[in-house]
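Once you scroll down, you'll see the structures, which are given as structure tokens.
Same chain, two partners: chain A is paired with chain B first, then with chain C.
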Partner chain A sequence: MPVVCLNNISKSFGSQKVIDNLCLDIFKGEFLTLLGPSGCGKTTVLRLIAGLETCDSGTILINGRDQSRLPACDRDVNTVFQSYALFPHMNVFNNIAFGLKLKKIPARQIRDRVMETLALVKLEGMDNRPISRLSGGQQQRVAIARAIVNQPLILLLDEPLSALDYKLRKQMRLDLRHLHQKLGITFVFVTHDQEEALTLSDRVVVMHNGSIQQTGSPKEIYETPVNLFVANFVGESNIFDARVTSTMGPDIEIQIQGISKTVQNRRGFKKDQAVKVLLRPEDMTVERTKDQCPKGFLPGQVKEMIYKGTTVDLIIRLDNGQDIFVTEFFNEDDQDIFYDVNERVCVSWIKGWEVTLPYE
Partner chain B sequence: MNEKQGFKFFAVFLNMTWFALFVLAPGLMVVGISFLTRDISTFFTWPLTLDHYRELVDPVYAKVLGNSLVYSFNTTLLCLGIGYPFAWFLSRAPRHRRPLLLMMVIIPFWTSSLIRTYALVILMKANGIINTVLLAAGLVSEPVSMLYTDAAVYVGLVYSLLPFMILPLYAVLEKMDIRLMEAARDLGAKSLQVFLHVVLPLSLPGVMAGCIMVFLPAMGLFYIPDLLGGAKTMLVGNFIKNQFLTAGNWPFGSAASVFLLMLMVVMLGVYFFISSRFNRSQES
Partner chain C sequence: MKRWIGISWVSCVFAFLYGPLLVLMVFSFNQARYTSAWQGFSFTWYASLLENQHLLDAFVNSLTVAFVSSLAATAMGTLGAFAVAWYRFAGKQLFFGLVYSVMMSPDIVMGISLLMLFVTAGIHPGFFTLLVAHITFCLPFVIVLVHARIAGFDPAVVDAARDLGAREHEVFFKIVFPMILPAVLAGWLLSFTLSLDDVIISFFVTGPGFEILPLKIYSMVKLGVTPEVNALCTILFVLTLAAVLVAHFLIKEKKK
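Right after this comes the complex of A and B.
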């Protein structure tokens, strides 16, 4: 049984519909990420689960019971806020002990649990510090400690890493994962950062305009996006317009920029249908050309080469004027991945690495 | 000297002159007179004396002071009780409506407080507006006596001083981070607990500022007890006024003024001491 069930929930602010008939099950112990651009409604979903907002229609079941109308203070859910929202008039200890004190837990026990949690977030000995004397990263840890010390059923995290600098963010990502493994609490994480979503989550929910676009493991989301929005939002994509010229068993033959290619038919495309073909930059192959490109290759010219240490990124202008983005890795059998600007090249990909979607 | 500096100098000079002429000079005169001897025809004369300060120690005057403190204290409590919820709803009103609501708090300042006190008299007297309405509505059979009671004095004081409580409270409550309240609710706090553990402690600077701004003037508003209390209650302000205008004892009235001033300075000092410690504990 899912620990949270969102059944057909909708929410509007004024005339603006923020959540539109959304359904989502969250399972016990998983690390679920709501991913989407700002304004897609992901934070609102979080606030609905927390009880800081009430939905206009639909129901929210937490642990099997309808808690749609239950106030935030009575839900077994805690939140790590984006701005941390630490109480400025209390020190670290009292911030973390806040929830436990409200539950009238004996002082001795509170002390033990707060200290234990401080150790868990690597803030030993900081209990007497005023909040204003903490760095951003430390405040972040206090905010997490203040939530998990209550041992909630679900921990909600609203873009908790967005205010940290790059290095700290990477460290906190790892720490969050370890915390999740150690505590076994269900984490629901909101972010607009696809890298964060892919590295942290067991399951990613991609949202757009108040509804879910795709739900799946990070691998599924990245490798088989179900629509152009997901493909564009998660990672980089090259998108080609194409048309099906014939079907051949599990494959179809398509025309791309006057060149015919065979690709897999996973969605039952029919002859003469317009399609979009998606390719990740690292899935494209580049060949130097002597004169004519081999069969199945698209001709183009290198516009820019960006050396990135582990990879070389190329921007290639195809002969029909479309710019594409290709990433080449250094490896044993292909040492020579440096290209000159304006060098003529041919690009292609290995059959099956593409994602073919209906035209939209 | 460039133009900007010239203007700065001019502005500071104007301010300083104003203060020197209308605050410092009269103040020094009061202090000076308090050490002189009473005289019927010229109000004060030589020689210098400390008698008036000695006289102030008399239990009769201590009672006047005690009385004033009680009135001021109760007025402050009443203003806080009314002003806090008022400021709260003001600060939570839709943003575009707040300037208008604030304006309505401030508008009464445009009329002299003395005139507004007379207006209260007209409302509350035996054949005044309130009684006329009550009688006409048949709610009472004879006029209710409202004027010249303690309650009337409190109505007058609270009415005059309430804005001084509302404005500093509004200033802190308006800035209050709503996310802190959400965090408290999220951690299991019910409305009352959110208020007690988060809103109230964070609004304390405003509470203190408001209390000071009500408490101190309340000691000196002599015309309110005079007009609404029928001069039955003697406050420090009334006492000082009487010494000057009725008893013709300027030196004694001056001594009482100086004493009241000192009392206020001490209270302000305590306020700044506490609030600076409060701020430091928030920052460090």
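Right after this comes the complex of A and C.
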């Protein structure tokens, strides 16, 4: 049984529909990420689960009971806010103890649990510090400690890493993963950063305009996006317009920029159907050419080469004018991945690495 | 050379600002009744103040009005500050603008307009009218001070408190109120001093039956500045200064 069930929930602010008939099950112990651009409704979903907003229609089941109308203070859910929202007039200890004190837990027990949690977030000995004397990263840890000390059923995290600098963010990502493994609490994490979503989650929910676009493991989301929005939002994509010229068993033959290619037919495409073919920059192969490209290769010209240490990024202008993005890795077989600007090249990919979607 | 010019200029400014105050305070301890010559240190005039029943009555009246009006202005102003900071309503900008305009309108204009209001309404001038007038001119200061404090804190702390299990009254008493307390106290002390030393507005709205200290001093000075007035002013100055210092300290603490 899922620990949270969102059944057909909708929410509007004024005339603007923020959540549109959304359904989502969250399972016990998983690390689920809501990923989407700002304004897609992901934070609202979090606030609905927390009870800080109430939905206009639909039900929210937490642990099997309908809690759609239950106020936030009565839900077994705690939140780490984007701005941390620490209480500035209390020190670290009292911030973390706040929830426990409200539950009238004996003082000794509170002390033990707060100290334990401080150790868990690596803030031993900081209990007497005023909030104003903490760094951003430390405040972040206090915010997490204040939530997990209550041992909630679900921990909600609203873009908790967005205010930290790059290095700290990477460190906190690892710490969050360890914390999740150690506590076994269900984590629901909201972010607009696809890298964060892919590295942290067991399952990613991609949202757009108040509805879910795709749910799946990070690998599924990245390798088999179900629509152009997901493909474009998660990672970089090269998108080609194409037309099916014939079907041949599990494959189809398509025409891209006057060149014939065979690709896998995973969605039952028919002859003469217009399709979009998606390719990740790292899935494309580049060959040098003297004159003519081999069969199945698209001809083009290197416009720019960007050296990035572990990779070389190429921007290639195909002969029909489309610019594509190709990433080449250094490896032992192919040391020579440097190209001259304006060098003529041929571009292709290995059959099956592409994602073919209906035209939209 | 340049440094010396700077120092002497600053000394001139300070002498101009604080010289008269200092003279007044020093002469409140002067034994002589009429001359401005120093004739020895004494507490005579402070003692004679204590025997002047009219003055003491006026002082008690002043303290009563200052205390009640500052308390009322603080309570109303705090609620007003919440209204402006947290709620959306029609005419909010206008309301806030009016608050500032009351703060900046000349005392004389306010005094006369309040007088006209009370006369039109048929209310006899006295304690009540004075109280209403003092609450009116203290209110904007409280609203502005408390509003700045509320606007300065992250509204998410309220969500955080609810999320951690606090009910509405717990959110208010454990989170919101402690956070705005310095501004509320500062507003209260500021109102207290404003009310205590107001002359112009009080002059218009109080009646003959209810005399307050600043007006009493004003009428005494018409007959010449006596050492008693000096002593009285010294006491008032110390009281006001203390209140302002505490208020300043409280406002400053918020910026930390």
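Criterion: the second predicted complex is superposed on the first by the 360 of 360 C-alpha atoms of A that agree within 3 Å, B and C clash if a C-alpha of one lies under 4 Å from a C-alpha of the other, contacts with A are read in each partner's own complex, and residues count from 1 in each chain.
Convention: a contact is a pair of C-beta atoms (placed from the backbone, for glycine too) under 8 Å apart; a residue touches a chain by one contact, two chains touch by 3 or more.
Keep in mind that what you see is a predicted model, and the values were worked out from it rather than measured.
A.B. asks: Return fit or clash for chain B versus chain C, each positioned on chain A through the superposition.
C.D. replies: clash
A.B. asks: Just to be sure I read the superposition right, which of the two partners does A:37 touch: chain B = first, chain C = second, or both, or neither?
C.D. replies: Neither partner.
A.B. asks: Is A:352 contacted by the first partner chain B, the second partner chain C, both or neither?
C.D. replies: After superposing on A, A:352 lies clear of both chain B and chain C.
A.B. asks: Regarding the shared-chain residue A:125, is it in contact with chain B (first), chain C (second), both, or neither?
C.D. replies: neither
A.B. asks: Output check: A:29 vs chain B and chain C. Expected answer is one of first, second, both, neither. What do you get?
C.D. replies: neither
A.B. asks: Once the shared chain is lined up, is A:79 touching chain B (first), chain C (second), both, or neither of them?
C.D. replies: both
A.B. asks: On chain A, which stretch or stretches are contacted by chain B in one complex as well as by chain C in the other?
C.D. replies: 50-52, 71-74, 77-79, 81, 83, 85-89, 98-99, 102-103, 132, 146-147, 150
A.B. asks: Along chain C, where are the residues that touch chain A in the complex?
C.D. replies: 153-154, 156-157, 159-167, 170, 174-175, 178-179, 256
A.B. asks: Show me the residue ranges of chain A that touch chain B in the complex, using the header's touch definition.
C.D. replies: Checking each residue of chain A against chain B gives 50-52, 71-74, 77-79, 81, 83, 85-89, 98-99, 102-103, 130, 132-133, 146-147, 150.
A.B. asks: Where on chain B is chain A touching in the complex?
C.D. replies: 177, 179-180, 182-190, 193, 197-198, 201-202, 281-284
A.B. asks: What does chain A use to touch chain C in their complex?
C.D. replies: 50-52, 71-74, 77-79, 81-83, 85-89, 98-99, 102-103, 132, 146-147, 150
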